[in-house]
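Both complexes shown next keep chain A, but they swap its partner, so chain B is in the first and chain C is in the second.
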Partner chain A sequence: MFGRRGAQLCSELAQNDDERLHRFDNDLFEHVIEEANEHYHQLETRMVKMQQEGLDIETTQNRDYFGALIHHLSLIRNKRCLMSYVYNRSQSVQRLRWQLGAVLPADLQDKLNYSEIEFFKNYSELLGSYMTNIDLDLTVDSTPPKDPYIQVRVMDDLGEVLLDDQATTLLRNSIHLMKRTEAEPLISQGLLEEFIG
Partner chain B sequence: MADENGGDGLFGSAEADYGWTQGSRAAEASSDVEILRRVWRNEKAAPEILPYEILLIQRIREQILLMEDTLSTFAGTSSDELTLSMYRMDIDRTTFLLRAYLRVRLQKIEQFAMHILRTEELWERLSQQEQDYVQRYIDILQKHMEQSVLSKLPFGYQSMLRQAMSSEEDDMIPEPALDTFVFCKSKGSIPSLQLDEKGDETVDLLSDDLYILRYRPIRRLLETDRIELV
Partner chain C sequence: MSSYYDLDDLLAEEETVSVVFRVAADGVGILDPGSEDNNVEQGAKVDVPLWLAQDLCQRQAAFINLPGYFSQRVRKEMQADPGCVDIRTRCPYFYGVGCKLVPITNDATLGSFLLYTLRGRYKDILSKAHSAAISSTPKVMQILSREETMLFQAGRDSMTAFKRWRVEGTRMERAAVLGKKRKSQEL
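This part shows the complex of A and B:
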């Protein structure tokens, strides 16, 4: 059936709606691309045949015309599936930038294809320069602040860190009270965790 | 939301007790924050991008700086930790609103980038920085799409904006659903508001009553600030 693989590609997205990014399904993706090109081939063959028979493509409605139309529509359908797949993934890639910062962890790099990695870098740069332009970090403060300070536990020896314009030494397992806005990026990088005692 | 209102109350009482800033400046500050909160709510609830509140944002940013200044001056002299932390909290809440406002705009800008770029009315609603952002965003998205999909498709089907060369117009540009329903509140009474183009259906909006209406008919009222979304 035409378009089945494309639909499969999209249902993969729907099944993986748990926010986590899955590995780019290269095999299925390339299959759909091949299918699209095959549709084009079929389409072209029918067009050429009609031209050779001296028929007007605009007005003739014979079996070749409808055959070509079906291939055209199937091609468009495949294109839409492919684009949805890539676009939806690109949105998850963007989310990574908001959640994890400008550096992509190695285990996630494997799940992206080369173009997505490039897209991540470009997007990261774009968002970074926008935030520099407006002089405000938008990635922190994603929930309304209840208390300006939070208690955090340090996950690893981080050495001397500049907090609130003061140098502080963060040792593994030590507990600190610090500004939420300063703690949030470190928490999302997994260097600290919120300590609820 | 109730939480944030509580914050204002705290700020107000700290103000009265300690008289840190001149009354007039404080009154100004709280009203701008109030407006920002409304503007943010409108932006969050509206399906399309709304005009960028350039002057309001400028004032808010100045106020945040001023409050930071005041706070650091007092941090040196005052030993009252509780009051200081309330001031801190007030600044943080305002900054949160500001960030949330800019974030929700960015989200819509990304989602409807192409539509905004080709619609002058929407384009004019962006700040200078946001306009730069849209253009660069489209560039990188297009590059990604071309590399991953479009360049691998047959000739005539490689456009990001059109399904095929034979399409009559750009038919792959997502647009906001203006017919979606929104919760809204009218600021004054608005008699016989037309709900459709023919004018068959009308509704009288009463002041401060809550309504669920389609976005399209109240679009202009939102522009003239006669209605607010919740």
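This part shows the complex of A and C:
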């Protein structure tokens, strides 16, 4: 009651320092909404009671007024908790697009709820069409490049991959020199590692 | 001014403070465990979250008692040596709560006390953030408030970035969201 659960919802997010995404907490989210509804009913009861007594709601400041006020504030507080939970997660979802590209790995997709997946798709589309319009891939070169080519080490057997318009077989622990722009998304996805020899 | 969506701001407002109601309120008995009917009476002393206290005090519907971690005893302790006081166990959002309390309390010294505390601890935090080993969690972090931890982390991150730049280390990294590298993949 009185916003405890809402804060609990948000503290789950705030404690999560390592930027890993957690599963969308549907249960708690629903609980907070229920709680907000409960506050609304209580608020309504107080208001109706004041009206029945023939009091002017705007000017009277009796016990019912303060009861209603507290429920009103709790309602707003719960709303803020819900909003910031959704907002902060949506920020992480946006980051995913920049870091991992347009396709999400399955284990991450499980952690998002339906509307977040929708949001990711729409955001990805929007960013994609913008990048097509200006004819520039904005997600690469997040750090200023020193050399157009870099050395990378392959972290896993990837099979045949199309690099620089050539099919190349990437075996685990093999070392390749490749175009930086091609390597960057793969490094970000954890398939390659920058190799300094 | 902090943002509506800011999680730390939101959580700082969740800390409980004790207020005394100047008015009575019906239908909110759950706030006051001592009340028999569902109401809070005038003069009742109740622990409420800060966000509620803020509004009630602004409307003159309640007045606030400063929480224990701003008591004279703690202030004396802080005067003796600010760097040694354990703030985290007292209140993880020490400064956030303090700043929010300043406009609603009668205690005019609270603001300067907060400033004194931060000033006394700042240098220590920063020098430790720069010198502590990267992998371990230094002892000093156990007594820092959430705000100070962020300061510490920022100092540490910039030091790590600087070191990496000096040795010309890797500049592109695996996305943090994927978690740590799988150990079984090594070798």
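Following the convention adopted for this analysis, the second predicted complex is superposed on the first by the 170 of 197 C-alpha atoms of A that agree within 3 Å, B and C clash if a C-alpha of one lies under 4 Å from a C-alpha of the other, contacts with A are read in each partner's own complex, and residues count from 1 in each chain.
FYI, a contact is a pair of C-beta atoms (placed from the backbone, for glycine too) under 8 Å apart; a residue touches a chain by one contact, two chains touch by 3 or more.
On a predicted model such as this, the values are computed, not experimentally measured, just so you know.
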item: Which of chain B and chain C A:87 touches, first, second, both or neither; value: both
item: Touched partner set for A:116, first chain B, second chain C, both or neither; value: first
item: Which superposed partner A:37 touches (first chain B, second chain C, both, neither); value: first
item: Which superposed partner A:157 touches (first chain B, second chain C, both, neither); value: neither
item: Partner contacting more residues of chain A (chain B vs chain C); value: C
item: Overlapping contact positions on chain A, where the chain C interface meets the chain B interface; value: 80, 83, 87
item: Chain C to chain A touching residues, read off their complex; value: 4-8, 10-11, 14, 23-28, 30-31, 39, 48-49, 51-52, 55-56, 59, 61, 168-179, 181, 185
item: For the chain A and chain C complex, residues of the former touching the latter; value: 1-4, 7, 10-11, 13-14, 18-21, 42, 45-46, 61, 63-64, 66-71, 73-74, 77, 80-81, 83-84, 87-88, 92, 95-96, 99-100, 105, 108, 142-143, 150, 155-156, 183-184, 187-190, 193-194, 196
item: Complex contacts: residues of chain A adjacent to chain B; value: 33, 36-37, 40, 72, 75-76, 79-80, 82-83, 86-87, 90, 94, 113-116, 118-119, 122-123, 126, 130, 133-134, 136-138, 140-141, 144-149, 180-181
item: Of chain B, residues touching chain A in the complex; value: 3-4, 85, 88-89, 91-93, 95-96, 98-100, 102-103, 106, 110, 129, 132-133, 136-137, 140-141, 143-145, 147-149, 152-154, 157, 160, 163-164, 166, 172
